[in-house]
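Following this message is one structure expressed as structure tokens.
Order of writing sets the labels: A, B, C and D. Residues in every chain begin at 1.
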């Protein structure tokens, strides 16, 4: 494909934390161009720079600051809309956009588990994109979702294992970053010198979404992977980057070297298609004892690489390791943009 | 027992973090009185106040500051010595003191797994104290140890479950406080906005010590409990208080209410004997979604109560919960002092 | 005075951060007893335990948790009401209570600078209490205020200097704790790995309140102290305890030892009257290079002692030092309770 | 100047924090190329990747990791050496290199206040570079220093003011980042939930270095600027970026707009010469109430832009503002590299 001119895109929920990350990542994107910033009625009609509480660490570019925010209603001028909407409103709005012939690339949880909606990680299950053919929206209208931010790193680390051996049981304990809670999110009084061992509605997602993601597309529907997942989700005093302690029971007797090699050699469709947001290495494995760590490794591959380390075997044969991924890039806006790139490259739009 | 006068005690490794906590907790203790402060040769002969880098949040009392630090060699004037020595030197020094007829109450790892050394939590396995009869030190010389700081909370939470049902499998992921690493310990650059998913030699302790603690005393030796433990140990940005996410597989089909009741009703020997450091409630269970938390609950029972919360059942029948305990009080100095109180009350000294 | 029975008191704004601290400090108070918990209409009629988001590090006692919260309207049964109300409503409500014959001990800013309202620190200006005679409320109704949390430490540190020499110029930069912003207060995303160099409406208070506090009562009104104050106020990643860097120009050529001695020897009316909340030492001076520090010293004197350190002279003759005080104890609820104790002891109630 | 090939450079103290930042910034530098990594005898002869405890957030490139570290003795192959040496050894080693005909670009404090050594900020006092003509080292051997990390931002913010009005008095309180203390630096126990109001030997530098930097070159020597500076230096829980609260007394009655315009319009020699490390805007002024902040603005201009905000006038006419600069980039390695670029462009090497 030759991109002769940029594809105009909309951002829904543009003033929220995920929306801001969409803006940051789309500035200078080689294929995509922001043409519409949608937010709540309260912000509508005002300059983006006047209504956004900009939390990114790069400055907000003037051209985006000057754009007028609009309500989240479908309009002309774009065929792709990224949704960082809150789940309380995402369901209906995303339907409306898809019904208007727009491809919704959603970060919200609402449609993730709907049978004919792809829960997509381009490196893991690009074939699941076929599910949109089962959707009945107008023209090119469709809904494609990316997983919960604490699921992406886990699913990507499990994929090479699942390809080569059988994953039976997964125990995971997360230590999740504050940016995942949005803004204002977690009060500072709650996390300085503290851990919060609870994130509302999170463990359920970690225990179910990977089964769909790693499932097999079979006659137009997904056969969930038959593995058992048990999750603990915690909030810790980290700005960006979810760290996860994982124990897996594998059938097939792999060696330590084989597992590490399965991660290090993993490449997939986004790397082959040279999608702009695809990292050269989807998965990096560290030999250092105390790696990966969120502050040091979350930005690998511009936030799109998943870091893995500390593989060791338990006396009962199970394997333990640590996974780290950037929750607002790979786990949210960056993952959604990679999804859009796949749709474009595959000619779905 | 009537305590007509206080029992003089020594502190070995008195300038370290655990040593300082021993000092803090023993000031004003109703039964015990500091008579000897032992440290390395470098500090020997100097005022304690001049060589200690005092990190406690209560001021160092003048009478202790003025005491002269001595080398860690046995001397007259006390029958009990608390050891907060580094494991690189604890082994030999503790032997020497025991050989001199002194009861060593040790926080060091060196002798914990020795068959005839009690690995003691007075609420859990007070009968294991009998093991000291199998020791061959002079007179009342003996070695009694308390567990690793990340083991205590776990073992105490498992005890009521183990009493009523069969614990088969334990998966635990810890989020451990910085004070557990001593001083200077973890550089600040490593933990601000970060997690370190590794603590040297820690997972091995978590996976083995509970089996001895929860084991049965049988003809003068311990039959380890036959359960499988898999541990991940992490360092997080918390000053005091280890938080642990635990998943257990129990045989016996308990209900949620039965498990909670087993924790809430748990009382043991220290409570019956009214030992001075014994908390009224060894285990507190919280109904709140997001409790326990280190900053809010580590000081319950003056740091000696273990907090538990978030009990919920997995689809496969296993139970998940969260445990919190104060790592330098219940998990180190406070636990050792409670051990000493038990020895005294039992007439072992 | 013999306290034969406890004085019943009300807490207005009982569910807020300052209100919670009032509750925590009044539990077990030897003279005072909570009889009324006032909050907004939304909480009225409900159990305190059900509506408060308890943030204190000691558990909420059951007897308080079971009290029914009421609206903030004057009622029978108490002659003293502590106000931790938000300034948006404190003005009117406090007037209403004073008009009903109740002594309002307020932590709110609304009436602080009113000429006949004492801005009271019992160690500094106990004579200012006479101002209430100029108030025209019914019976014993009156309003007494305590200063802004960042002013108390500064004013207390300046008092001995002002007694002995002339304070001409004060430059102060504060590093203030998060608890001062209430709850939820500062979002965690804003303070992890960050400093916020701004606190709304704070510098103005620091630059004016000390002039009234250190002013002289003269024929029933206060002559403000003629000193110039310039303030920078910052929010830093600390839970409790405001640290302040102070530079003062003094007339009178004191020596370093004289200044330190003026702090160390300072005692005042609360110490003489043995008020229950009075610390033995209102001001502690540290010789250590790097003291005072919030985590280590905020709780001195149960949070009522002001810590000072690092006195050194500039080449131009000015003096630099560091002040630390506990912002929610000495700087808010504890200070207000000490005010109430002074009123009671002085027979004003 | 046409750079036909890259200039080889040495890094002395290459394994320390400043040395690592030199490495990070020099990778991919358009003019400069690392050819020599010097460190202590202990590291000498080993791979850099094996001896460095890499703390940067970008990965260490393999080509640098494989370089063999050498002792800090002058050798052939480079004419420029960057020094991030500890001050305990920097004095002699830097002399030795300069005597060997090498231009030492030093970040160490040792020679900063020596009369014929430029204390250089290319945007502020590029003419001071002439001082090296007064140095008597062999051939092109010379020593050029950059200021203390907490001085750079202050000096740059004062420069436009000093150009247009007269700066009489400066009061500054710093809140400095942890990276400034090197590695391991500040123990985590000391800064979580804490502030350290002391940095050894720092206030003295802040009170003297700006007078030399802003001084006038006069017949080959510097006339120090006659201003009085009073400094408080504090360590806070921030990874990178020093924040400073500044109060200045200016003669000349500027308006607020004039001061802001003096900052915003400031450009200097590095911008004119298009030096590779020169930021487009040396100084950025923010209109937002609570800006600048370290986490949000330290990376502006790739860490080389100084951020200023919160300009407001005191009742006595003095001006208050906030300055932020990246302490290891603009305040250390980046500043030194900009110095080297100036030397090269000016033909000094």
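For this structure, a couple of remarks:
Rule of thumb we're sticking to: a contact is a pair of C-beta atoms (placed from the backbone, for glycine too) under 8 Å apart; a residue touches a chain by one contact, two chains touch by 3 or more.
Small disclaimer: the values here were computed from a predicted structure and weren't measured.
Each chain's centre was taken as the mean of its CA atoms, and the one lying most distant from chain B is D.
More C-beta pairs touch across one of A-B and B-C than the other; that pair is A-B. In terms of their C-alpha centroids, the spacing between chain B and chain C amounts to 39 Å. Residue positions 55, 190, 192-193, 237-239, 295-296 of chain B each touch two or more of the other chains. The touch graph of these protein chains is complete, with an edge between every pair of chains. Those residues of chain A that touch chain D in the complex are listed here as 55, 57-59, 192-193, 239, 295-296, 299-300. Interface residues of chain D, counted against chain C in their complex, comprise 171, 173, 175, 190, 192-198, 200, 207, 228, 230, 232, 234, 236-239, 243, 245, 247, 289-296, 309-310, 314-316, 318, 320, 322.
Listed in rising order, the residues of chain A touching chain C in the complex are 55, 178-179, 183-193, 237-239.
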